[in-house]
Each structure stands twice: as structure tokens, then as C-alpha cells.
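In the two complexes below, chain A is the common chain; its partner is chain B in one and chain C in the other.
So, the complex of A and B:
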């Protein structure tokens, strides 16, 4: 448990990181550093986006798979590391 | 004999009436007395209390469901992912990739008018701009002036003006180069490879090639007024690539029904006729739609298009609305009278599409799809045809008035622009 917390702290300590959310494979957030309503919103929307991105990659080449997804917007950048059981979502503002 | 007598009355007792009489007996009983008593009590002090559950946030419920035990595999997942994520975060915070990158999601302002190019002398004389062409480098735009409303031979002088948009001293009102021409210019086309050559067709039927880099006399080659050249205004000129790479010839089409292929002869400064194609009514292949042959028998050509995919095919649109697919290599001789030309004319028409009403002003082949081309005529409709079938695939009503020019977008395969008589250009 402590290792999990330490890892999250290390990630949170990087430059410009605004928040971290860990979502399980069903789209339910299990750990977060943001407030509840934002967490739930991010988790639900990003889960759908990751599923769509993953199916896009796999449709184009069934041997290929999604390893990382980055969505850059005007205000910040959302990085998503997908895995079989969990997703890690990190929101960073690179210009901070 | 008969005497009256009175007798006593006799009574008979009824037997049955007696049995009707019931016997009556009465008996009674009574219970013993019932004892009853009354008492009441009262509470000295009272209290009221109630409970109610609050609607709890679904989220917090979800969040705290697994709070007690750590989800399985979370530690391993984080170990796997941590390095990648930290590396990306560090790289992102240092990257300059998106500096100054702006995305415009606003769709309203896609087209803006950059310059309004004018030639004051031509404007004073009321000349119309008959043809516009970009040169191959994309920085020079050439415009031909002439008249389109005159029905008779005109000997007015007119101009071909070029503007160089990337020059520092560019001014929209001052053309960089003005070429004087002795009659009205009706068609213009810049060379696809050499930025200084411009081919033009005149109202008198001549075809001229100008070289804008020559300061003395820009006329490079002239077709001259001979039996070879056109007699009627040349409505379209085009540069045709040949089999030998780098060589081009000039194709000119006029309203007398002749399409001529010229070769540039630099030594003599002339255009030498290479091949002649004459379109005659009788030789037009008739598709399933019958077409009544009228007039003098020639098919006046108003527009021309080369196919970028097939070097042998070219498309011709006529004054009467005919659309024909023609081939450069056709060998059938034309049925027109041979008037002492150097090259015997041939009939090029191979296939005719369904005719539209009114002259076909513009044809353009799609640069992305092998078999598609667009045609625009005076009926305000733009027809999308396939080279393989006679009737159009799609007809779009672009405006209520005439459509003068239609062209495919060079970058987006499904977009084309149409210029209409009302002065509007629409992108579809």
C-alpha cells in the first residue's frame, strides 16, 4: 500500500502535474488526487476514449496494440497509460 | 201438490281446519349478571425522535468500495507504468513542439479575398477578364482581357497582364507585365513546367505562345492566319504532355468544331500543326439518347479538358450541350471538307455522354479519381460524370443562373468549386 502511495507521490511531484487518476478496467476510479466530481467525469469520458483508440489501432492492424495515449488541449495535456486491468491518467500543464 | 216448507239449517264441522291450529308453548332463560369495570392511565413526560438516511453520492460509494483492501495487481501495474509515464512527463515539460501552435476550430472564416487585381487601362475601356491562369510556381497570375459580349469581329486591342504576388513591390492596381495583343484574347493557359511560357487563344482564331522572360518581344510563336489555323474564336487552349518527358504541345479548341494540336517551332517562331481533329455532327457517336443533328454540321467546341490519368483521352464540351470523350490516337478521317491543310483532319470522338441543355462552359477531370469528371453549363447544374457511362452520376443545382467554371480541389478529393453567373463562387 505504501509503495502505491509513494509511486503516486513521485508522479505527482513531476513538473506541471495537476492530477492523477487510476481507473480500473470497468471505468471506475480507484485512486485519485483530484476532487470527486472531476474524477468521475474524467474517468467516464477517458475510459470511452481509450476504448475507442484501442479498437482503432487494433482494427488497422490486429497484431498492434495501444501503448500510450496523449491528448493535448489548449489548457493542458492528458496522458493515459493503459493496461489490461487499470489505466493511469495523468493531467499535466506543460507550460507551468 | 207443491208446498213451501222451511227446514232447519244443518252445519258440518270442518275436519281440516283443526289440524291447522299449532300448539304454542313459551319458555325463557336468562344469564347471570355481567360484571364490568373502567380504569385509565396517563404518561407524565413525552419525547419525539426520528431518523432518515441522506442520499449518498454514488461516486463516493464507488470510490470507497475498495478502500479497505488494495485492488489486486495495482502495485504491479504501477511498477510497470511508472517509468514510462515519468519519462513522458519530463519530456513533455521540456518540449517546444507545440510552441505557438494554434488550432482554429471556427468554421466561419475559411475564404477571404486577398487581393483585387486590376488593370486600370483595361477597366477604363470596359474590357472583360476572359481568362485567368496561375503559372506553375504559383506566384504569378495571368489574366487575359477581351470582350465576351461582342457578336462580331472586333479589332480592339486588348491585353494580357501578369501579376507576381510574391514580389515585394506588389501592388494590385499595377500589373507587372502587360502584353499588347491586337485582338481580344479569349483563352489563356500557363505552361505546367516552365514558369515563363503562356499560351493564348485569340478572337481571330490565332494561337500564340508568349515568353514572359523576353523583354523585347514576348511572342515566342504564332500560329498565323493560314489554312491550318482556326477561323473562329479559340475558346480553350491547353498544354498537352507528350510521351517524351518534358515536351509539351499546345491544344486549341475553337467554336468551328476544330481541335488542333500544335508543336512549338522555336527556330521559325511558329506553331506547326501536328494533328487536327474535326468534330462533325454525323461522326458523333450516338448513345442511347438520340440527338437531332442541326445546323451546319459542325460541333462548336466551348470547353476542353485533359485527363491527368490517361494521356490519350481528352473531353470536349460543345455549344449545343454535347459532351464527348475523344482520343488523340483515333485514326478515322473526318467527314469535313479538306481545305488544303497540311495535316489531314481526323475524327476524334469516341463516346458521347448525355447532352445537357445549353453550352458546356467548363469541364474538369478529377485529379484523384480516374474516371470522374465534372461539367458545368448554362443550366445552372453541375454534373458529375463517370467516363464509363453516358448519363451523369450526380447532378447538383449550384445556382439559378449560368455556371461558368467548375474545378476540382487539388487537395481534397471530394471538394469542387463552381463559379456562377451571379458572381458567387461556391465550394461543394
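So, the complex of A and C:
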């Protein structure tokens, strides 16, 4: 567990990182560094997006799986690293 | 009837069942029919000859189907018992079994108008077509046969018969092919008695048939009856009423049927998952492993995430490192200052320069001095850096960090060692093995592939012959044994106790054989009284070896640099004598490097502020370089350009380009104040240099604008060497520009 904490802290300290959210497979946020309302919003919306993305990849080839998803927007970049039971969302503003 | 039977029988393999039109049989048959979907009384009245002609090609074996099931015995007109026998009793029975199925599909239907069954519906068109093809009109009562089949057998029976029969046929076949290929076999063909599989009395009779007259008569009688019906008194239209009973309402109550809508979407991967996933129940997992998997999962995703974030942040620099075009971030606000800076860059682009890209450093490494660096042989993005204070009195335990270019802020692996690390090398045969030499003389080999708890695979701490002084350099070399085609790798080390050892694994520990002892070569001019004291010294006659390098082509040949300033050329096969000694330096030789592109040349650098370029056969250096006053700690050839090499002096990094200037370094990069540079490494793929310093940073620089890119470097180098060498022999001729600096 300590390693997890350490890694998360390191990520949080990187340049431009605005927030980190860890969401479980049902879409409920487990750990977050943002405020509650944003967290809930991000978790709910991104959960659907990840499910859709994963479904797309696996429909094409069932042996394939989604490993990383990046959504680049005007203001920032949302990076989602999915796992079997959890996924990690990081919002970064790279031009900071 | 019998004649037609005979006719039919003459057509072998084509015809089938013949049923006599005896009344008794009709009754029995129609009794069968009565239980089928054929309610037709017309059929019952028809005695009709049912013989069916099969428009097929299958050979028919006549065997009875029904005998065990019904006590029906069929007789023809001649009172011959033509009771069908069971199918399975006949040896080559498969053919007929097949044929029977064939019937069901192909047989044209009999009485058209009465058929209500679906089979009839199917069969009808066939029948008509067959009729049209000018077949005998006494076409089959095959429908009757059909129904018989369906009647008499439950549908399960037929399939059971079939496989048996088929198996038998296969077995028989095999025996024949093996044994009796050459024999002349007599084949006797005979016809078995016919069986009736289906008997549908037809509603049409040929005009040529024997009882046609009777039928015609009956037909006409019936027609007359119908005609007479209209005006006849015999027939009265009479209505009938059925009694409708009184209806009674009765109320019944039942449980309400709850209807639930259930829907599911199934995707391709859903199906794949259920099909291919392991059959473990999730209930078998206790909650604890789930937590562990959580941490692992998060750590893994963390890693990926970290790399991605860093890639975002460092994208331009990483792109420069990889020599990819730097992409402009389309959304970043354009600052006016940057535009001007870019213009300046373009203007200054002519002169060779070093551009600082980034520095590898982390909390663990800050404050420790970098002592050595090594590339991984297989994954060229992986770098191992050893940290250790070399000259200070208090020795902190050493540290090795494996950095990857994908994560610039945190090392991939961290290995804590017992004492300060002095040298590193990755193995080529097993790319995950890293040999670490330490200040106390131990050599340990680590496997960096596992993520957790990297402990040394083997260590030389228990070896009785281990080094007594710091291991200054390690090298994995590949020796080709002529017997074995493979390349055997061995680890060699040079240390301060004056021995060069070759290590091998002996019962899970490292053990060594000595390659060479570095004995002091007494200079005969110096007959100081120090000689006497030297004999009494504990280290005896051995002088510390500080560096060595194996010849790039011949792995049995190597050079050693010593504390005394001498460079010895030695061979692995000769452990008693040096092959050659090169004297020039009078201070410890800190580093030696063979030129990778031109194997006759090597460079040596020493604390006497000079760098010397030697040719293998000459006892004195071909060229010497000195720039500022400072001991040169490390020197490396550039792997891409033969005339370029880098040197680390106290306080600065120098890049020399011999094609441009042999007196001065082309690029000089001063170190940050208070920090001394310690170690240097060129990158093999791109034009980047890594410099390690005493503050624990490993800085990555990119070489820019070296004119060395253009022409064939080796030729230039050789040319320089030859011109310089020739000048050596002609010392009497004063040369204006190029005077060889003498130490």
C-alpha cells in the first residue's frame, strides 16, 4: 500500500497535474484529490466512456484489451489507465 | 398383375415394393393408415395395387422393417410370403437404409386430394413431375410406405439402425482392402425379397391396368350417383342441430403472473469471455487477495500513467533525444518571447553546441556522487547508474538505479548495495544481469528483471580470492570457444589490489581465476631509496589497476592502465608477461578506451591533465591533447563518428572533434558550480551524451551541429594519424602549426 501512496504522490507532484481519481469497476470513486462534486461528475462520465471504449476494442478482437485512453481537450488532457477492476484518471494541463 | 410384377422385377435396382391387392392385406394396411393422418375412406376402399417405382438411383435391398413389431404378414397373389424382414438383419444393409431415407424425401405423393399432412405437401410436386415424365402411372404408394415408416417406427428407431449398419459396412470394407486386393472375386448379385416401406394407395390407376375396367365402372357409377342426386328423392337435404348445453359461469382465480422485462446486450467479447475464461469461481477468492491485487493493479496503472504524464511534460525534449521532429502544442498560448528566441536559435545554429535536455535525478540519488554508468545491451533505453562516494572517508552504502527513458523522474529499479558502487556493467548474453563492483572489493551480480526485492543473484563476498581493494572496472566479455559455437561470456575485473581477475560461477558463488598481476615495472633511472621501503609494503609489488578495456574485435587482448601511469597490453592467454607497455603518463591513468570504429587506436586519459591517442604498435603516443589544467577522469569515443570523443575533466565536459581541431576541444561545457563531473556515456543511437556528476544528477545533453556528420570519419582519423605519425619520425623539421604537446 505504501508503494501505491508513494506513486500517487509522485504523480500528483508532476508538472501540470490537476487531479487524480481512482474509480472502481462500478463507477464509484475510491480515492480522489479533487472536490466532491467534480469527482462524482468525472467518475460517472468517464466510467461510461471507458466502458464504451473497452467494448469497442474488444468487439473488434476479443483477445485485445484497452490499456490506456487519452482525451485531449483545449484546456487540459484527461488520461485514463484502466485495469480489470479499477481505473485511474489523471487530469493534466501540460502547458503549465 | 403378376406380369407387371415380373416386368417390374426385371428392372433391377430400380423397383420396389409390390403389394398384392388382396383384400385382407388391404384391410390390414389401411388399418395402419387409419391410424395415421390419412382419414380417407377412399383409401380404405381402394385395394389398389401399390407398387411404387422409385425414380431414384439407389439400389434397394428389400428387407422387412416391420416384422417384429406387427404380426403383419404380407402375401402376394401367389400366396408367397413377402413379409418384409427387418433392415438390420441384412449384411450390406446400409445401402437400403440410406435408400429408405431417400424415399422419404424423394418419393412422390400418392393420393393428392386427401393429403393433409406436410409430407404429402412436399411429396406432391414430385409426384406430379414424375407423372409428367411419362412414368408408369401406377406410381407409388410410396406415401403409404412413408407413413408406414413413420407409424411403425418411432423416429428413434431409424437412426439407431443406421449407425449400426453403417459401422458394419465400414468394417467389412477394411478387411477387404487389406487382404484381397489381388484376388479375383466372384460377385453374385441377387435380389432379395421386396419390402414395403410405404404404401399409399393411389387415387389414379392406369388405363392399362388390369382392374381399370372395374374402376372405370365404379367411377362412372359414382358420377351417375352424383348426377342423380340433384333431382333424386333418395337424397334429402337435411339440417342437423347440435344441442348446446346451458352455459354456466364459473369463476377461477389464479396468482397474478408477474412479467418482468429482461434484456441483455451481448457483445463479441462477452461471448469470448464466457467461453475462454478460467473456470474459477469468484467466491473462492478471499477478500485479502483482492486488496493485494488492488495495490498491484494500481501500481501498474500508476506506472503507465506516470510515464504518460511525463511524456506530456517532456515531449519536446524526448523528441529531441529520439531525433523526432518536435511537435508544436497547438493549444498552448503563444508567448511573444518564445518567437524571438526561436529566431536566435536559428541564427546560432552554426556552431557546435550542447543542448541540455533533462537530468535524471531523484530524492534517493541526490547528494550521492555518480561513479559509473552503463547501458543495457538489449534495451537501449535502460541505463544503470551507480552511486558511491569514491574518495571520501565515510562510506555511505552504495546505490544502483536503473533509469528508463520512459520515466524521467523516478528510476525503474533501485538496488541498495552494501558499499559504494564503483563500476557497473550489463551482460549481453543475459541482458537482465547487472554486475556491480564495489568499493570493498565485492562483485555482485543482480537480476534487474524482477520488480520486488532485488537481491543479488550471486556475489563474490565469500570467495577467498576476492579483491581486496575497490573494483575499479568490470567488463563482461564474450569469448568464442572454437568448439562451442556459442559465445561464452565471462566477467573480468580490475581492482586496486593489482589483480585482474576473471570470474565464473562456482556452486552459486562467484569464483575467480587470475588473468594478470600488475607488477610494478621499475624504472631503472629511479633508484631511490624508496625501493627498499617498497619491498616491505603490504601490497608487495603490485600496483593498483585503475581501468582496462578489451579490444573490440579480439576479446583476448586488453589494455590496463595503472596507478603508475603505465599502460600495459596484455593477453588473456598469457598471465605472466605484458605484451607491450606504453609509457607516457606519469600520473595514474584514469581511463582507457579502444576506438570502436578504428580498432588500432586507443585513447588514454590521466590525472596529468593530458589525453593521449595511441596506435597499437607504437610505443609512444601518436597525438596528445591537453586543454586546461585539470585531471581528466573519463574519456569515451563517440560510437557514431570516429573523430569525436568526449572527456570529463574536473569541472567541465569537453567534446573533441579531431576533424575540426586537434588542439582544442570543440565544445566545452562547464559544470554547475560546486559540482564536479564524474562520468560520461555516449548514447549509441542518437547524438546524446550523458554526464554524471557528484551531486547525483545524470544530465542528458544533445550534441548539435557537429560538422563531423558529413564525411567518412574513419578515413579522416586514419589520415590524421598517419600524418601525425610521420611527423614524429621527422622531429628535426620544425612544424609551425602542429606541435605535439609533450607532457
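Just so it is clear, the second predicted complex is superposed on the first by the 93 of 96 C-alpha atoms of A that agree within 3 Å, B and C clash if a C-alpha of one lies under 4 Å from a C-alpha of the other, contacts with A are read in each partner's own complex, and residues count from 1 in each chain.
Methods note: a contact is a pair of C-beta atoms (placed from the backbone, for glycine too) under 8 Å apart; a residue touches a chain by one contact, two chains touch by 3 or more.
What you see is a predicted model, and the numbers here were worked out from it, not measured in a lab.
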After lining up the shared chain so the two structures overlap, which partner does A:28 touch, if you call chain B first and chain C second: first, second, both or neither?
first
Output check: A:55 vs chain B and chain C. Expected answer is one of first, second, both, neither. What do you get?
second
Could you tell me if A:39 is touching chain B, chain C, both of them or neither one (first, second, both, neither)?
first
Which partner does A:77 reach: the first (chain B), the second (chain C), both, or neither?
both
Once the shared chain is lined up, is A:63 touching chain B (first), chain C (second), both, or neither of them?
second
Just chain B (first), just chain C (second), both, or neither: which does A:91 touch?
neither
Once the two structures are fitted together, what part of chain A is touched by chain B and by chain C alike?
1, 3-4, 7-8, 10-11, 14-17, 22, 68, 70, 74, 77, 79, 81, 83, 85-86, 88, 90, 92, 94
Note which residues of chain A are touching chain B in the complex, please.
1, 3-4, 7-8, 10-11, 14-17, 22, 24, 28-32, 36-37, 39-40, 68, 70, 72, 74, 77, 79, 81, 83, 85-86, 88, 90, 92, 94, 96
Chain C residues touching chain A - in the complex, by the definition given at the top:
267-269, 271-273, 276, 290, 293-295, 297-306, 308-310, 312-313, 315, 329, 331-333, 409-410
Give the list of chain B residues in touch with chain A in this complex.
57, 59-60, 62-63, 66, 70-71, 73-75, 77-82, 84-86, 88-90, 92-93, 95, 98, 103
The chain A residues in contact with chain C across the complex are 1, 3-4, 7-8, 10-11, 14-17, 22, 55, 58-59, 62-63, 67-68, 70, 74-75, 77, 79, 81-88, 90, 92, 94-95
